[in-house]
Each structure stands twice: as structure tokens, then as C-alpha cells.
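Here chain A shows up in two complexes: once beside chain B, once beside chain C.
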Partner chain A sequence: MSLLRTLRVTVNASALAMLALTGCGPTEPKVASAPPDMRRLTDEQYHNIVTDLFGPDLEVAVRSDPLTRTDGLLAVGARTAQISPSGFEHYYAMGKAIAAQVASPAHRADLIPCTPKSETAADDACATQFFTHTGRLLYRRPLTDSELKAMVSAAHEMAEASKDFYRGISLGLGDMMVTPKFLFIVDETQPSKDGKDIELTPYAKASRLSFLLWNTTPSDELLDVAAKGEFNTSSGIEKHVERMMASPRLHTGVRAFFADFFALDKFETLEKDSIIYKAYTTVVGKDAEEQILRTVADHVLTRNLDYRDIFTTKRTFMTGGLARLYHVRVERPDGAWVPYEFSDEDGRAGILTQVGFNAMASHPGRSSPTLRGKAIREAMLCQHVPDPPGDVDFTSFEDPNSPNKTARQRLAAHAVQPACAGCHKITDPIGLALENFDGVGQARMSENGEKIDATGDLDGIAYSDALGLGKAMRNHPATPTCVVRRLWAYATGRPADNSTTAYINYLDQRFAKDGYRLPELLKQIATSDAFYAVAKPAAATAMLQTEGGRGSSTTSQEAVR
Partner chain B sequence: MSILISKKMERRAALRGMLGGTAVSVALPFLDCVLDTNGTALAATGQALPVRFGTWYWGMGHTPNHSIGEKRRTEKGIDFLAETAALKRHEQNLNFFGTFGMPLDGRSNYTHFSGWVANRTGSAPARGGEIPAPTLDLLIADHIATNTRFKTLDVSAAGIARENYSARNTDNRGAAEISPVALYARLFGPEFVDPNKADFKPDPKVMVEKSVLSALMEDSKAYIKTVGAADKARLDEYFTSIRQVEGQLALQLEKPEPNDACKVPVAPQDPPPDRLARVREMPNVVDTHKVLGKLLAMAVACDQTRVFNMVFTDNFANVRRSGETYTHHLLTHTEVIDPKAGYQPLTFWFNQQASNGWADYLDIFAGVKEGAGTLLDNCLIFASSETNYAKMHTIDGVPTWLAGKAGGRVKTGMHVVGGGDPITRVGFTALKVMGVPIEKWGTRSLQTGKVISDILA
Partner chain C sequence: MTNSHSRLTKFRFGTVVSAVGFALAAAWGASAPAQAADGRYAFVIRDFYIAQYNSMFLDECPSGISMANDEIWWRAMSKEDRAKKTDNGLITVLDRNPVAMRRGPKGEDVCLNPEVVTDPPLKIIEGKYSYGANLDGTTDGRATPKTCAHHKFTGLDGTPGVDNQLYRLVGCTYGWRKGGLIELNANEMRGTSGLGMALIEISNVQDPRNDDDVTVTFYRSVDQFAMDGQGQPLPFTSYRVEADEKGKPSYGDTLKGKIKNGVLTTERGDVSIPFYGNYNFMHPVIKDFGLQLTIAEDGASAKGMITGYYNVEEFTYYVGGMAGHASAADNCPSLWAMSKKLADGYPDPKTGECSMISSAFDIQAYAAYAVLPKDQKLAKTAKK
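Now for the complex of A and B:
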């Protein structure tokens, strides 16, 4: 069976399952519980926590061990990530640096809730007050008596040795920030009501919710809600999910999801040749990434529109730097963001036509239909494109004596090799539709003097240009099912697999019924029993083993044409 | 399959036989004996100088027939061709290993990945992205780097922190240091204790820091009981990681031995902003590599670490030449072979830059005087790539080097012919030279228990 056919079969099976479920009624299927997890904080989460606790003025240079993108998401890799010696060393140095700032004369009055009797001696009462409050936010639950005592005692010891109360506070705080209780989001459990199984503690539920919706530690208010036991009932959870979703902080959470979903971390190391692309700078690169996130967040949250229309919307945001690449004018050329709507003449609509996507899925000095097609298949349709064979010969692609002037012609010459043809069939017809955008996403009509042919087809839907590709993506059945699968995996740290098929199909069905509104999907997950389900580790481990354990990591970066 | 080796029998050969066989207990005394009796490996203090281990990595292999002249048998002398001409000046510091195989036993060759993983871990990955065993530098660090500030130092001139080829497993891979300024601050910042400074007063505050961290670790150990088996293993790794910082604090409380070789370098400056957008243009890589290399060498000379890893270019060689549309990696696959030259000209240029970079690196280590010799004399540096001929992704014959005399344990200037033996014999030899008490290394067809005795002194 050809790869193309395999993809179609997958899509059709998924659609059939969806149809079948439509007739079954909208009850949430049960999900086999997974064991409690321990997810390492992402750098962004670390940064958000510090900013939430201590304000935006502190310098926070987070640089932890890199996470492995697994089953399409770094969030899944976080579930198995460890901490190397150099990673710990960085955490230690970072914790110390942050703690020193908190206890510094510039910040202590705002961030430490009491004044010591003497700045040159220990003050256990004041230290207790500080660690009780700050520790609860860092550990995402109240400190136990022994934890609190240990911190107060550490601060005491240092204050005595240094004759400096604040140095003691700094030491205790820095050390709290390197404990596993802070660096890992731990699913702490308690016996279930019937005593037969386990369940998440209310604080662990608060953490799950807070990291999913706000990508940060639970606030004081949320921890108070947990303490009152309001997460013990579905109605309590629903009430607070709605409250959290009404907060502007939901943007932070949703942006974090899309940054992971679309693998925007590639921008961290994206370089373009400055001779070939003079208008592309590191500042413009950052703006290009931000433009994708702003467009998506505005569309799915602020306007609460159909998710699928992120591939066709003409609304976006623009800076002066980006405007130079788009060859458009904006009122504020000073770097500020302004809303912008593409005109019909611009030939752009949807995130696939933006500078960011096209720059990210290109080579340093030229576009790549294959990389673009691969990125769309893998990141946005959740399909796998195999790596090229090891012995592939690309020289026909670059033969200087060949008459081929456009990427389409070069790829046609290259794809005559049987070993290459299969994969190129599933990537190139998508990417070639974007050939009117060069390696940094600037519009062009020709390549090497020859007019660009941007026709193509996506799984049987033909189009004549990038706008047509956007519409095909919008209407592709895998587009909404992909975001459902990824959002579930992002929320739980576990990829959708056989044990969750019925539940995922149920979510697909609800998502369609709700007009593909992402907030509704988020709410559905955040209020579902499945989101909070845990099982005792031993039994759950056995279950996982039968499913094949952890998923495949996707670190291969073998670039293709 | 055996390699072609000299059959000349001598006193050391008997010992080598024991070393390469099963008598593990013989290995350590033998190597200690070499060290202790080697007058050149003694420091000014009269104490034996430590032997250090390093790795050096470059992406995309080499250009066959234009890199190293082939040999039919193992012998003294390396035939440096045009691509590696810069290395000629270091012939007496190098051993080259050619025609070794990399059997994957039917597992996929995950391009530009399986090669380095197999060469450094002794095991072929079963899936893309998998690092199935610890890399050899960490096995050595576990053995020799128990009392230095840094268990290993990992740096990269290629500007991609995640591309570090030192890892405990798939999920435990530290980031490489890519900024000279950050590396300097880490090495020679306020926590550095200068061994040659006359006055030394331990800071009681550091004592408190250490004791509080230890208490915290004990508290966290109790926490481990509350998690499942897989997470227990992750927390065990976390505790191992804490020990490095504990050790660092302990070292701040001890006066180090005076060390003539240790000279605190001048702090590097931040590069101009426009350079940040061109980190991976080859001239910038070469420049950054030299700056990072000098810092690393001085960290070794100052005994801040005994295991050090440098990446010149990453395994996908995301490096560029200004004005070119493709990276080095993509050129290996797309550039047409010049019929007159017989190779891909631009690709050759990039490969040549890697050889030049390797020579620069050796210059740096050979330029640091230590004892009666140089720092390089007291190091063993394993250098390798992930492919042989990148255009075709071949991994048999992946070019591999060992540099340095390992404090007199190794003789140099040899071209060792592998004859298809697994490349892991080089890594295994390095492990044994560094005193790691193992009898075999690697899995499946990559497993070996045979040292390459031709290079043992």
C-alpha cells in the first residue's frame, strides 16, 4: 500500500469512527488510568512561575537540559526528562541568582511580607512567614511541618553565619528552587474514597489545571480552592475552570500549547543567510514567531472562531520589521504591534502563508517545498513522513547543467528515483503551493526567471495556489482531529494511544459539535474525569508495558529538499 | 574478524594480552604502574599529573581518498592528504583509525545519528533519537572525575546547545555551553578558587550552603518513596546530579595544590549583535571554537574537570558559508562532484575546515606547558564524526582519532587498520587506557573486549 493511500485510510477510518460515535450519544467514555506522572518544568513554565511570584523585574535566564520532542510534543518529552549534572548546576545557579534578587535591597520590601527585628540576625518568625507563603506557591501545596522547619532552620543558620537575615532567606529560597518538588510537577495522590485505588490530591488537580490553562503554578486563590475541597466535585471543577478560562492568563496557556504544537522552538536556532536575505534579522525572526502566536491566539481565543480558519484568516498583526518582508505599509514602523488584515491582492491568508512558517520550514538560503510539506503533515495533520533513505542521491536536484529552474522542476527530476518518489508524493504537492514565498516568506512570482507554478493537491483536493492550500487544510478531516490529539497529549503528558481511542473520538465529536471552538475543547478536557484519572503505579505500569511504553521521539532532523 | 597488528612480542605485550583479555583486576595496577614510573608525567609538586579524557566532534565525516591515505596494515605514519594537511603538524600527537566497521545488525541507519551513537555508546539505537547507553566520556567521568568541580564540561562552537554528544541516556542529555562569556563565568567566576593565589581562607558561608544542600538532599530522598519505579530512577539521576554541586561547594573549602600550568585567562567579550545572527557561518564557528577551546584547555589545566567535550559542528552540520543557499549537510547530498577534482568542492572546503579546527584544538592543548611536557601529553582525546562519506550516509570506516599520549600510556603517530572490526574497539581501548574496569563494552555485534594494543605504550 502506498504511503499516500495509507494516509487516506487513516483519515477515513478516523472519520468513520467519528460518525459511528455521533449516534452513540455524548457520554464521556472511560479512559484506562495512567500512573501518576512527574513532568519536568519547561523553561517557559519556570520563567512564568518566577514572574508570577516575584514580578517581571527580576532577571531570569533559564537554560535547562533540552527536552526531547516526543510524539510531536516537548510536553510529552517532559514526562520522562531527567536532570543532568550540568542541568542541575544551572538550576542551582539560577535559583541562587533569583533568590539573591528577591532578598536584595531593591526588592525585599515588596517580596518579603515582613521586616525582621534585626537585619543582622536570624528572625525565625519572619522567615516562617516568608517560606509558608512562597513555599506553598513553589511546591504547589502547603509545606509540611518538617519542610517548613528545614527551610527556617537553613535561613537561621545562614543568617547567623553571615550576620545577615536576608542572606538566610536567599539561601533557603534558592535551595527550594532546586528540589524535585519544585522542578518536577508531581502528581501527588491520596487513597480514593473507597480506599481501593488512588486519586489526585486537590492540590495536584489544581496544578494540572493551572499548567494546562495558564502554563504556570497555581495561584494563591486556586490553592485556597483546593484547600476547601472544591475540586472534589465535578461542579466545583467546572466552576473554577470557567473562572480560569475567563482570565486573560488563558492566552499564556494557549500560546504555550501552540508554540509546542507547531514546534516553534525551531526559531531558537533559525539562521538565514544575510547576503541572500538582507531584510531578515534576528529581530524580524522573533517577530515572525510572535506573529504566528498572536494570529492564532486572537483567532481562537479573543474572537473564539472556528479553529480550522487559522488556515484561511486574513487577520493578523504586524510590526514595521515584518512589514518590510511582506512589502506592506503599517502605521507604526517603530516595532510596535498593530492589527493588520491582508488584502485580496496580497495573496496571503492563514498561518501557512505567513513569513514565520515559511522561514521556519526552509533552508538558510532557499525555500523547501519538501520541508514545508513535511512540517504541515507532521505538525498540523499529525501524520508521519518517513526520513529519506540513507543512500539517496540528490545530485540530480542541483545539477548545474540541468535546465531545471524552479523547485518543481528540480523535485520532478529528483523524485524519479523510486526510493524517493513515495515520500515526495505526500510532501511536495503541499509545499509547492507555497513556492510563491521564498526562504524567508517574501512574496515572489518567479524563480530564476521562470514563472512559479503553485498548483497542487492535498489528499485529493486540488488547488491552484497557497490560498487554495489553506482552504484544503481548513477542510481536511485530520486538521481538527490532530489538534484534539495534541491538546490531549499536551494536557496529560501522554500521547493519544489505543487506550484512549474512544475518548479521543468522543472529543473529536464534541469539538465538531461545538463548531471547532478551541476554548470548548479545552474546557471539555479540563472538566473531564479522564484528565484527572490516575491508577496505582504497579497496575498502571503493567498496562503501559502492554501498550509499548513511551512513544517515539522525533529528533531526527534529516533535512529533505 | 581480527585486525592486522604487529606480532612483535615484548615485555608490554604480555601485559597488553592480559589487559585485552579477561583479567580486569590487572588493568588498573598496570596503568597506575605506567603513570608512576613515567617521569614526564609528574607535576612540580612531585605528585603524579592526572590523565584527562576529552572528545571532539565534527559533522559529516570526510572526503574519502582526499582525507587520509589508505594503508593495508597497521603501521607508524599517517598519510595526510589535502583535506587533512593541517593535521600533519600533529602527526606525533595522533593515532588514526581507518576501515573499522559499524555493524547495526539490521537496525536502521538513522542518518547522521546512528553513527555517533554507536561510536560513543557501543550500541546502535533501535529508534530515531534513542541514546541506548551512556556515552563513553561519562563512563570515564564516573571513574576518574570524582573530585573535580565539573564532572564533565560540554561546549559547542556550533551554537546549538541541544547538540551535545555526551548523554547518560535519551532523557538525560545536558546542554552544551555555547557562549564563551557564559563559559568563562562558570569556570573562572567568583566560585573559582585560584590554586596559585597565596592567601586562601575558606568562607564559612559556603560551609553552611553545603550543609543545607546536603540536608535538602536527604529530605528529597525520603520523597523518592512516594513515586513509581520509573520516576524513582529519574530521581536517582537527579541525586547524582546534586552531588556535583555538593562537590563544588566542598572544593571551595579546600586549598588546591599550586599548579604552574593554571593561568586564569582573560575574560572574553560578548560578540557584536550582528554576529549573533551569523553564529553558524563557518568563520564565526572557527573563531568561537578557538575561544571556547582555550577556556576549556585552561579549565583542564586548572583541574576544574578531567573530562571535556567539544563539538566543532553538529551531526547535521548546520553550518554555512556566507552567500551559499545550503548548509554543509545539504551540500553533501546535493553538490555535484567536480569531475576534475574528483570531489564536491564546497563540501570538501567544509570538511577541510573541520580538519583545520581539529588541528587548532590540538595546538591549544599542546601549547599549555604541564610538567615536563604539555597538557596534550596528559590527555587522551577521542575525535570522531557520525559518517564516513556523508553523501551516501556510509558509517563503516567512520573517521576516528585518538590524540595525546594519556600521560605516557599511549604511543602515537600510528595509522591503525581495522579490517572491518567494530569501531567500538577504539572506544573500548580509550576506556581501558583511562582505567575503567570493564571487560567488554557495547552490545550485539558492536560489543568488544579487545583493546587495540598497537597504540599502548
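Now for the complex of A and C:
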């Protein structure tokens, strides 16, 4: 391509982008379609589905094999998640326990939509009714005839053998809950209209939408909409996106995104030294995690404010346990949540100054500017910080008799090691700004009697304290871009890569134009063609044809079928 | 850990300096939370003990230790009765609680009716030294219009004229001495029951380490202690102040005070504070109440002493209402009788008999936030 032509193409692309932004041109750049995929349910999704189907009274203690955080998100790691034998055992036990509760005398009248002719015999009509309805919600599509027949048949046999209709129901339901069709969200496809490629089935579109916006299985209503073909048109999708976004359940979806985005799963294993941090308990740890989510959800959804201001907002929510760590008065000393606003004079603003972030990115017994800097770079700016070499000498850092009293001094001594210096340069100046917060986020002026110097800089923006860091983060160009990239990856399970650059740029510009309002970004993604785009995995198909092996999502998908 | 109290000082210092363009202000924009802004600091009292000087070899009790209720009951029984009670000695651990106090002429409980028997006189403190304060202003303890004649102590630091007749009263009774069951039990019960929660709020504070003019108010909280893993109260916990339906806080007596190098000293006045222990809930008015409170450098805790005149009737009522006298190693009738003799404050205009007793109490307190009704109103307003 000649330079002139390149220039013309660039200019045309820019012009098109501008047109798009003004609402007069194409709405979004094309994205290279990815092969259909399947993602394992997260524990929260599993829990949400069971609660949606059977109500909040059931005991659901799901703890599956941990997902691997990939490209910053567990949602991306869920694409490659497997189920170990012990993980399957857990799913099996959980499925059976839930099924037993559903069929129990305490719940059956509410959860099984029909009464059998006899409780001591099979009733295929009633079983069919139950499995048709429940199976559609569990599999996120209508059961095929053979699936339904197999389920009713299994229930029939058990009911006859045990002389208990409900044992049959329990058996069938338990079996459904351990099938990949339930445990994996599968991109089921159908031939595209022109027959040349494939596209998501309306039910698969409903699933994508529901898990993105509500983090749960599609509702009856949404599946009905899919059945009517309303997801075949952009206007149909937009109508239902708007309906779903108007629901309070959007909070569930947005909270799930931010929990993944900010890697809040670390709280599950977060330990603190109870001798050093007496006020930090497991309960307070849960509150700290919840505080971050409440702050963000309130900011970006309830108030619909500029996403970037989550780094500077003075508004948050407080419990009695957290108030002890913040050293503030709270009107309800018990576990109740109350809105709280830090005063203008207070050194806290934004989520980086909250107990949760500082506790999460710290060691059990001390703060860590490096962990904090790394967490900010990786989770909030979408930048990669290399892992430390395996043979790092921490002696100078951990020496209790060190003359270096503050973390800044200790890090300065430690970072002279050439293998360490490079990374510490990109993490420590950020994390040191938070040194006025100890290992559980309590404010402090000094460390070991030495006044803390919280100055630093973020990619050339200098600041003198945590408030300055918050402002620098707010104004950092990577901050909004990062949430765009992550939300896209979270929605599709695919990390933003070279094939999506144009689309991500487009989303970036829309996000800016919309005043960095997250709901607009969410809507933009949820109504985009890109969100639903799939294509035949040509390479994988070729591999299948030549090797007859597995390894593609189509293979998995077909196996699930 | 640096607490908000000390941070406040530094923060304000920083603010002042920044006003003249000095860079220190940037050090910590810092957690000067709502509390700092309104100059209010509070402490919740955890431990409340009669201040006693107890020497290792009982030098202050040369006449010995008082005979306890239980012992008097046991000694009063015949050999045959003892054999009967103990199944000829086969029962080694005898449950004395239901019976040991019922040694009145008609089987009355002598702790609830201390006047029905005359026990041997209570052994009392005869030593020279005591904790406390000079409440009557004399050095010889002579009678004044406000006091009855009494013996004085010398303070442990050599201060002459110390008044602490309550210590004199209880100091030679095992159950009341340091480590004795009575006060240990009272403090334990207060720590775990959420009753008798006394809050001290210091307001109008410009500088929590040095301030010549502060206001000290005493409240009762309706909230329980929040404890750490070792069973100690967690500092900086919020405690709601008890109030009536119109929002007027209960208790609420106020004294002026000053803070010097972290030591709060109040002026004297009458103060009512809540008290709970040994199944008794009380709200004694301590006359000429004075508080000296040493606030820890980190502001998280404070130790101090309350001095003043305690109502004798209220004290003996408290003693009489306790459970477990059989194992408490105390003596109700003797203490009741002796308390009237040792009372040294506020004579009855008609009888001349003093109704109150000079006293001193050690307190241990933890930093807290007093949540007044007005704070809850503010929070509700803020929500809108």
C-alpha cells in the first residue's frame, strides 16, 4: 500500500469514526469474529441461578475449583477452566443437595409446578412439566426431546423403584445440575442467514446478555423473547437491553464485573495478623470488600457519575467494624451499612484510600508499596508488571534491626539490586503514596517513629499523597481505557487483542463522549454486533478433520450437545 | 498505629504550616475525620475499680483481714449441725450460697438486712498511704460544714491530706482487695453484658494533647463493647448514647476541664454515671466528682482516676444486692455498720451523720466515638 493510500485510509477511518460519534455514520467498527466458546459458571453465577430458580431459602454452599485469572479476569480464565475429579465430586454433592431440598416436603409445593397423582408412584406428566420448565432455565434453552425423555425416564425408574415420586424428581434434577450443559455457558450456534457462517442462537444471545447484565441465567421472560426471535434484530436486542438495564438486578451484574476487574476474589484468602491488626477480622474483611463494591456501584450506577471519579469520590458506605479501622464515628455501630462521606479535610477519597484496597494489596503483617503499585498497574490500568525473579534477596527489606525505618527507605536499599530495580520503578512510586495506610488500611503518620513521605509520581504526574495519587489515576489516560478493555473481555470472555483494537478505540471514544458513564458503555457493548459475533473456527475445524482430536470450543460445544 | 487524636494534632499543625506556604501540609491531608472537625473525643470505660493501695504483706491491715459472711456462718454452727450439713464430712464442697447468708434471727438474709445481726467489727485500713485526692481541702481531716472528722492519708507520691475512706472501708476484706472476686466479677459482667456502659466525651478540643478549655460530658451507651481476639475492647468504636424519646441524652452531666501533655483534669462537680456489676444496675451520683485521665500517646486508650464522694447508702445497697457472697469473702453487716462510721462527706443537717464517703476509682478506658442523637440526625440529613 502506498503511503498516500495509507494516509487516505487513515483519514477515511478517522472521518468514519467522527461520523459514528456524531451518530450519523456506522455505529461500530467490525470485529473479527471469534469461534464459539464455553465458559464455566463462576460460583456466584451458580449461586445466583439456584436462587433465581428455587428462591433464597435453599442452602447453596458452592465452592468449585478456582478459576485462573487470565488477562486480568477470571471471566476470561473461565474459558479454559476444567473440572477436576474433586471439583466434580463437589458439584455432584451440591447438585444432589439442592435437588433434595427442592423435592423436600418443605419446598416441593412451591418449587414443583404440579402435584403427582400419587406420591408413591411415577407420574410422567408431572415430571415432564417440571423438567421442561426447570431444564429450560438450567440449560438456558429448551430441552431437546431426547434430553427431556431421558430425564423423565430416569425419574420414572427411580420413582417406581423407591415408590417415591419426589425421589425421581430429585434424581433427575441432581443429574441435570452436574451436566456440562448447566455448568458451562455454551455458545450454541446455528447457520447464519446466508448459510456461509454461523451465528449464536437466540438462546445463546439471551445467555450472553443475561450473564453480562444480571450475572445469572436468562429468565423465563428472556427465553420467551429469544424463542420469539426478537434477538434477531438490533432493535429487539436494544429494547430488551434497556429493559434489563432498568432493573435493579443490573447492580448484581455490575458488581460482579467490578469484583472480577479489581480482583476482589483475593479477599477469600486474605489473612491478617490478629496481633498486629486487632480490629481487622474476617467480618471486617468482608465489609471492606463490600465497601469497594458499594462505593463503585453507587457511583457508576445509582448516581450514574463519571467512572474516573471512583478514584476521587468522598462518598462511600460504612459499617461499625469498618468505622473502627477508619477511626470515624458511625451512626450504626452494628453491622448495618450506612452512607458515609469523608470530609474535605480527610485524607481519604476514592477506592484506593479505602481499607479494602490497602488491606488486599498488603502482606499479613505490614503494608506493601510494591503490591499496591502492582495492583494498581495491573488491575486498574491494565498494564503488566513482571513477576519478581525467584532468587530475590529480601534480607535488607526484612531485617528487623535495619536502620531503614520506613518502607520507602527499605525499598530504596532493596531496589539497588539490578534485577529488582526495573519493576520497582514502576510500582513503588505509586504504592508509596499509600504508605499513610498500614497493612489493613488504617491511617498513620509515621512508621517506626519516622515520618512517612507519601510523595510520588504516576507516569510523570507528581503528587504528594494518596489524594494526589487518586487525582492522577482519575486523569490517567489508561484509566478509562482499562475499564473499556476489561468490560469487553468480561462480556465476551475474550481479552482485547490486536483484532479488537479498532473496536476498543471506538468504545473508548464513545465512553469519553458519554462522559465516562459506565451504563452507556455497558449498553454500547450489549447492543453491539461485536458482542454477539461468532464465526466458524476454520483452523480448529481443519485440525479436527486432520487429527480427529479435541481442543476447539466447537468440539466442546458439540460434546455438550 | 497512630490514632486520630495524635494525627489531628499533626494534621492541624500541617494545615497551619501550609497556610504560610510550607510543604509539611502535604504530609497527610490526613485522616482528620468528622471527629476532628468537631473537636470531639470520647472514651468508653472498661474497668472501674476502687483505687486501693494493697501491699504484699498486708502492712496496711495490721489488725488482720475481716471475717467473711461465710466464715461467721460456719463458726456459728454446732459440731452436730456441721456434720449434718456435710453428711459427716463426706461432702467436701458444700453449696453454701442458699444458706450461708440466712443467718438472721428469723432466717433473714443478712446482706439484704444487715441490721439484723451484729457481726464483729470490720477490719479496716490503718496504713498511711492511699491513692485519691484531697476532697475537703484540709490536711488533718477535721470536720467542716461539708465533711465529718476523719483520718487522712498521704498520697503515694507524698501528697498530704488524701481522702479515700472507701478504701479504708473495704481494703482489709479479701473479697474487695485487688484481685478479689467482687470487683473482678463486676468488671467481667460489665464487659460482656453491654450494661453500665459509661462514656466520657471530651468536646471543644482544639488540641487533644494540650488544651486549656475543654468540656467533659458523661453518658451512658446502649451498645456493647466490641472485643478483639484477646477479649479486650477495640478502640475507636462508635457507641450510641442513650436518649429519651425527645432525643435528650441520659446522664449528660458536664464538667469543664483542661488537657496538659495528654492528661485531662476536670474541675469538680456532681456527676452521675451508669454502673453495672454483680447483677446490680446503678447510676450513682458522685459528688465533687473529679477526673484525671492520662491519654495514651497513640490516643487509643486512657487510664485515670475518678475521685469524689460516693453515697454510702447506695454503696451498701449495691453490696447487699450482690449474688455469691458465700464465695466473695466479704461481710455485709460489718461493712454496713462500718460504712456509717467512716462516711466523711455531706452530713445530714439534722443528725450530723455523714451520708457520703470519700472515694477514688481507677478506670481503664478505650478511645470511642459517642454517637449522640444529633449525630444520627446529621447522618439522616446527609443521606438525602
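Things worth noting here:
The criterion applied here is as follows: the second predicted complex is superposed on the first by the 505 of 561 C-alpha atoms of A that agree within 3 Å, B and C clash if a C-alpha of one lies under 4 Å from a C-alpha of the other, contacts with A are read in each partner's own complex, and residues count from 1 in each chain.
Everything that follows uses one rule, which is that contacts are C-beta pairs under 8 Å (C-beta built on N, C-alpha and C of every residue); 3 or more make two chains touch, one makes a residue touch a chain.
Values in this document were obtained by computation on a predicted structure and should not be read as measured data.
With chain A as the common reference for superposition, the partners chain B and chain C occupy compatible, non-clashing space.
Contacts of A:Ala81 after superposition: chain B is touched, whereas chain C is not reached.
Judged by the touch definition given at the top, the superposed model places A:Gly356 against neither chain B nor chain C.
Judged by the touch definition given at the top, the superposed model places A:Pro202 against neither chain B nor chain C. In the superposition on chain A, no contact is made by A:Gly135 with either chain B or chain C. Of the two partner chains placed by the overlay, only chain B lies in contact with A:Leu171; chain C stays clear of it.
By the document's definition of touching, of the two partners only chain B reaches A:Glu89; chain C does not. By the touch criterion defined above, A:Pro369 reaches neither chain B nor chain C. In the overlay built on the shared chain, the residue A:Ala161 is in contact with chain B alone; chain C does not reach it. Counting the residues of chain A that each partner touches, chain B and chain C differ, and the larger count belongs to B. Of the two partner chains, chain C is the only one that A:Asn436 touches; chain B does not reach it.
Following the chain A superposition, chain B and chain C show a smallest Cα-Cα distance of 7 angstrom.
Residue overlap on chain A between its contacts with chain B in one complex and with chain C in the other: 274, 281.
By the touch criterion stated above, chain B contacts chain A in their complex at residues 109-113, 127-130, 150-152, 154, 159-162, 167-175, 186, 204-205, 207-209, 211-213, 215-216, 219-220, 223, 226-231, 234-235, 237-238, 240-245, 248, 276-280, 316, 318, 320, 322-327, 329-330, 333-337, 391-393. The part of chain C that touches chain A in the complex is made up of residues 1-4, 6-7, 10-11, 15, 23, 26-37, 223, 226, 228-230, 232, 234-240, 369-371, 375-376, 379, 382-383.
Residues 274, 278-279, 281, 320-321, 323-334, 338-339, 341-343, 345-348, 436, 438, 442-446, 451-455, 464-467 of chain A are the ones touching chain C in the complex. Interface residues of chain A facing chain B in the complex, by the touch rule stated above, are 35-38, 63-66, 68, 77, 80-90, 92-93, 146-147, 150, 154, 157-158, 161-162, 167, 171-172, 175, 178-181, 186, 188, 269, 271-276, 281-282, 363-366, 387-388, 390-395, 397-400, 439, 537-538, 540-541, 552-559, 561.
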